[in-house]
Amino acid sequence: MITAGIDVGSLSTKAVIVADGKPVGSGIVLTSPDTEASAANSMNKALQQSGLARNDILHVTGTGYGRINISFADKTTTEIACHAKGANAQNGLVRTILDMGGQDCKAIRCDEQGRVVNFVMNDKCAAGTGRFLERIADLIDCSLEELGPMSLQGVNKHLPISSTCAVFAEEDIRKLIRAGEDVNAILAGAFDSLAIRIQALIDRVGTEETLCFSGGVAKNVGIVTRLEKSLGLKIFIPIDPQIIGAFGAALIGWESMQ
Amino acid sequence: MKVQENAGLIYIKHEIATCERRIKRIKENPDPSKPQSNILLYEMERDFRIEQREACKTGKPVGIASMGGLTRAMGMVPWDAIMSADRTHGKAATQYFETIRKEGIPEHTCDRCSILIPMVQQGDFPKPQFTFMSNFECIPVLFAHAALCHTMDIPSFNIDIPIKSFKMDNDEEGLAYVVEQLREMVAYIEKTVPGTKYNEELLVELQEYDRQFLLEFRKLWKLKATIPCPLSGRESFREIRLPSMYPDPAKAVDYMRLYLKEIEERVEKGFSAAQPEEKLRLLWSVAGPFYDDPFSWLEQRGVSIPAAEMTVYNGWFSGREAMWGDPWPGRKLTPLEEEARQMDFVWGREGHYWVDTHLHSCRDLHLDGIIYFQQWGCPTSNSLGKVIADTAEKELGIPTLLIEGRMLESSMFDKKDFYGRLEEFTEICAAKKANRQTSP
Amino acid sequence: MINVGLDIGSQFVKTVVLKDRINVATCVDKLGSGSIETLVFDNYITALQKAGIEEKNVDYTVATGIGREFIGFADIQISEILCSTRGVNWLPPPTGFFLDMGMEKAIVVKNHDGKPFQSFRNDRCASGTGRYLDIAAKPLGLSVEEMGEVSLKSTKEISISSNCAVFAESEIISLIHQKEKTEDIVRAIFKSMASKVHSLILKMGNVKNLTMIGGFAKNVGLVKAIELEAGCEVIVPSIIDPQLVTALGAALIGSENEKTTASL
Amino acid sequence: MEEKFQTLIHSNDPENRNKWALEWKEQGHKVIGLLDIYVPEEIISAAGLLPWRITGTWDAAVPRAAVHRPSMTCRYCTHVLESFMNGDLDFVDGLVTTQIDDDFKRLYDVLNYIDKPGFLHIMYLPHTTSKTTLDMWKKSVNSFKEAIETYSGNKIDPDELQRQVLIYNKMRALLREVYELRKREVPALTGAEALGLTSAARIMPRELFNEQLEQLIPYLNERKIEKSDGKPRIFMGGEWLDHPGYVRLVENAGATVVMDEFDTGSQYFWDIVYDTSDDLLGALAKRYMMRPGLSRMAQWEMQANRNLAWMNEFNADGVVELRSLYSLPLDYRYLFMRKIYDNNNIFYLSLNREYHLSGQGMLQTRIEAFLEMVERKSRATSV
């Protein structure tokens, strides 16, 4: 049976197609003001990759913050449920999921079947979101990919960027740049405090066995390295962390059809 | 967070060590700009902490968040978590706040109230056998304690004080009402806390010490009016504890007498805290950024802080309002009535009392402006800031700086912004002062 | 007599050169990641060159602004509020109050013939400062300058419900996804910002009109929004770039007997 | 009938809100604004005045209130102050409040300072319930009565007060009857509708409200909300919540809201005035104070027990609590409630919210994910 999941995030929209629970195609596009179109485009990309046609798909599940705008979805569910489901399906040992998207950051606890048993989201401020990292990248004009490695080079000098508010944290960083501080050291400071906040989220739901890091930011070694150190456990990062939500959505759709 | 009663008591350990260090420093190389009497003060503080530590060991009951006299008269050791939380600024505060955010403890209320909870739950500070709270302490203090008691199963008793001040109006009905509740509390403690018994003689004795102490303190208030101001901002800001809080109350009275003598000497020498000379005299109100040192910053720019309106015993209140043994129309008050009278203070009353307090201080001490620190999550003081500013402008022609901030948690503190605002304000005070002097 | 005023803000460095108290040259540079000292000095020299004045002929240089400690070569450093007040006082028409809006602050000052008599600043939250616009502009793909013109095209009134700059950004993104028109969103942003300024003005009491200085005074959309919200006339200086008023004030104070400056 | 019902539950929407008060004034009577649920309304009515619960502006911008109140103070008080300062409430002749917490006390002080409205009275309300404090509260109720008499110029006639108590008790009974209809598997009305109803009760002349509601009850008896099948039944916690948008949010997220502990909801009418025989004023005072009450009363066990009992009666599967920002007592009570609900294996989601409707997106995601958890559990237990 073929089902699809579409995850409409604030920055990018992802689609995944699964055949009997196995992924057969995926597509990622930037979320345009026209979310409906973005959803369709990501879907088409996934169809191309899977070599399937639109009417092969029996069920479409929408998720992500733009889920309400997907008219062709048969059902919608929260990204929280989807990330739990998707991550757990990729690695059966996963009980805790950390998802960092564009607008928010969540820690999710799930059972052996990938069902949510607890979750927390960063209700205060964007410190710890993809958007925040983007803005830091803008500030020191470098690419998002460079941030992580750079932050690992500056660890010898500790600059406190402690503010819990994204705007103030940026202000701190600006001042340090103006004061001519070493960019790597600044990033180290920013990532240290970021890691502490994320750690706090994870602690609230607790960890056992494997923790999966999903979402666009998961590839950032600056955060991963710090978290593995502070948590004292190996973090599982899916090959394609961005599409975990869409993948989970497709699976939830598939289950609902049985 | 794992709740661990009296695990480690690291706060107590740390305080004892700090006092020892300070005593040593003053004895070995004293700083002439700081009072020598501090030796006594640190010894008192140290012995108080030792007493608390021993009580935890021996199981001697600890309790009641204020009113040292009544606590000791009940056979308990005073438990001052809220005042102690004030001293956890800097790194310690940051760590507590990580826990606070993790545990969902309210983080946007008064810092000291947020910190109080993990401080006791983690066992850094003793778990009390009993707490008492009055509605006059303010909502955050009241409910931080309520939350602590409810989550750690600590017996507690709340006392209600009428909003119309029975103390100022000498209202027998209000007084009787509070005394009745005090009696109920005494009975409740004797019933619920093993090893407690109300000892009125002891209460009378301790009240006398507190009275002696405050008599001296009133003289200090007059000295604060001297130009230039002989007290440093830090001294004005120091949270005074009454003798009855300490294991050796007599020593506390000696300390105050000695300190007073030192200040008198400063006055004779014409000592000025503000350098190079006193240009402005400002009142600091409510709280301040305890993790930084705005007072030195101001003093280096010729600004002195003769008084801080923050707690009962720093500001005008203690200098002027009735205290133990002071007259009450028609009769002498009983010991419990005296306690009750002290529980009615400006903080919990209708707003105009808090406004007047500021005007009185500014008049008494010839001040040129008010720095009103709007501490995050302090409902009692926050929304009166503008009223005080307008009234001070209207009545005394002096400006008020309303400045937001946190008291212990420094992560949101922006030095440049904060001192930028202080500087702006001192410029305005100077401009207005110059104007006052040219145009009579 | 040659007087120079330097104003080093959080974003720009500005120089004003006065010859016998007449504005002869100005220069504005954006601060980059380079060394501030050299940038400020270059800015200072460029201004002098524009005026055709040699450095040695400068009589008195006053530095102000949050970055003023970076200027070793100034004769004196004076706080921003004294300079901006002095500068505004020099501008026609006379107003009793002025609003100085920059990227990191918004302040309303009572001007008592050239001396600051009262001031109210934005609270610590960024939602009342230029930074709010800076953040809000991003998802719209506009520059803050562009927003001004765009907002004037708005025909539909929508509102932004979040008081926090960060949350507002998310809200703006969803407004975009709800296919609201850019001009209407921009107007909503200005409105929410203006209401913060409104309350600063209200703190002053009864303000009929006030002068607006600082970089954001050049933003027609914001100025209009403030006038609308606060219901008072906002006068933007025409004879000099509003961004330069503080530097001008610094130069003016320098041109007077420096002893009169009440700086602490 | 549905139309009548809709009109009634939308009485407190901004466009209709002042209707009843203004009509009342046209008849030459006065309107007394109220904030909390501790001021004995019967006394106000008995003096021929209309007790009118104040809803603050639902706009995000509060520039005037911000002059006095920094951002981190009780949002309800701030929005109420804004409404007083921007003229929305100019028709309100007086305000009576208790010093329910420091924010309300300071709101009173500021109103006093800006001299709005004409008649301003603050009642002393103890936060513990003992015989001693009740006696003091009775005195406080009595001096409130005298203040109202002086202001209105009408000596309150005991028979009239007696009559008013009966009217209010009837209102309470009627609302209770409607709330009973929420216990059904398919409730007769949604949570948002219920909030609309209780809000209407507090701004309309109570006799009139009783009349209208009484006519509606047979209709409501037959009424069913659309598809509640399989949806988790939610008990809503929180205080100072008067914007039905927030309840609708929870319902749109997939819940059936069956009960609440709002001061604007159940707590307004739940308890009636008993033994009015001899000491009427005393009975009134007792009714208003001797009950679990709001989080500012230092008796959280009582409140927890009542909530648990309610959840049981209304067969609720979980608790969604929307805490108004910077309303401190509730923020602190959360620590205790979390313990209680955990001990009883009850799903409990507690989130902060603005007073005006804001941050729906953020709230929606959290609530939906929470409901997905509750739903699964309730399904598991039902089979």
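Going by the order they are written in, the chains are A, B, C and D; count residues from 1 in each one.
Note that in this section contacts are C-beta pairs under 8 Å (C-beta built on N, C-alpha and C of every residue); 3 or more make two chains touch, one makes a residue touch a chain.
Everything numeric here is computed off the predicted structure, so don't read it as measured data.
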Which one of the chains is farthest from chain D, going by Cα centres? C
State the pair of chains with the top count of C-beta pairs in contact. B-D
Just curious, how far off is chain C from chain B if you go by their C-alpha centres, in Å? 41
Rounded to the nearest Å, the gap between Cα centres of chain C and chain D is 46
What is the distance, in whole Å, between the centres of chain B and chain D, each centre taken as the mean of its C-alpha atoms? 37
For chain C, write out the residues touching at least two other chains, lowest number first. 104, 123, 170, 174, 203
Chain B: which residues touch two or more other chains? 104, 386, 404, 412, 414, 416
Shared interface positions of chain A, touching two or more other chains: 65, 165, 168, 171
Quick one: which bits of chain B touch chain A in the complex? Just the residue numbers, please. 94, 98, 101-102, 104, 410-412, 414, 416
Complex contact set, residues of chain D against chain B: 67-70, 72-74, 77, 99, 101-103, 105-110, 112-113, 122, 124, 126-128, 130, 132-133, 136, 139, 295-296, 298, 300-301, 325-326, 328-329, 331-336, 338-339, 350
Can you tell me which positions in chain C touch chain A when the two form their complex? 10, 31, 33, 35-36, 67, 104, 126, 131, 135, 138, 164-166, 169-170, 173-174, 176-177, 179
Please name which positions on chain A make contact with chain C in the complex. 10, 31, 33-35, 65-66, 69, 103, 125-126, 131, 135, 140, 165-168, 171, 174, 177-178, 180
Chain B to chain D touching residues, read off their complex: 103-106, 108-109, 117, 133, 135, 138-140, 142-144, 146-147, 150-151, 158-160, 162-164, 173, 177, 180-181, 184, 350-352, 374, 376-377, 379-380, 382-387, 404
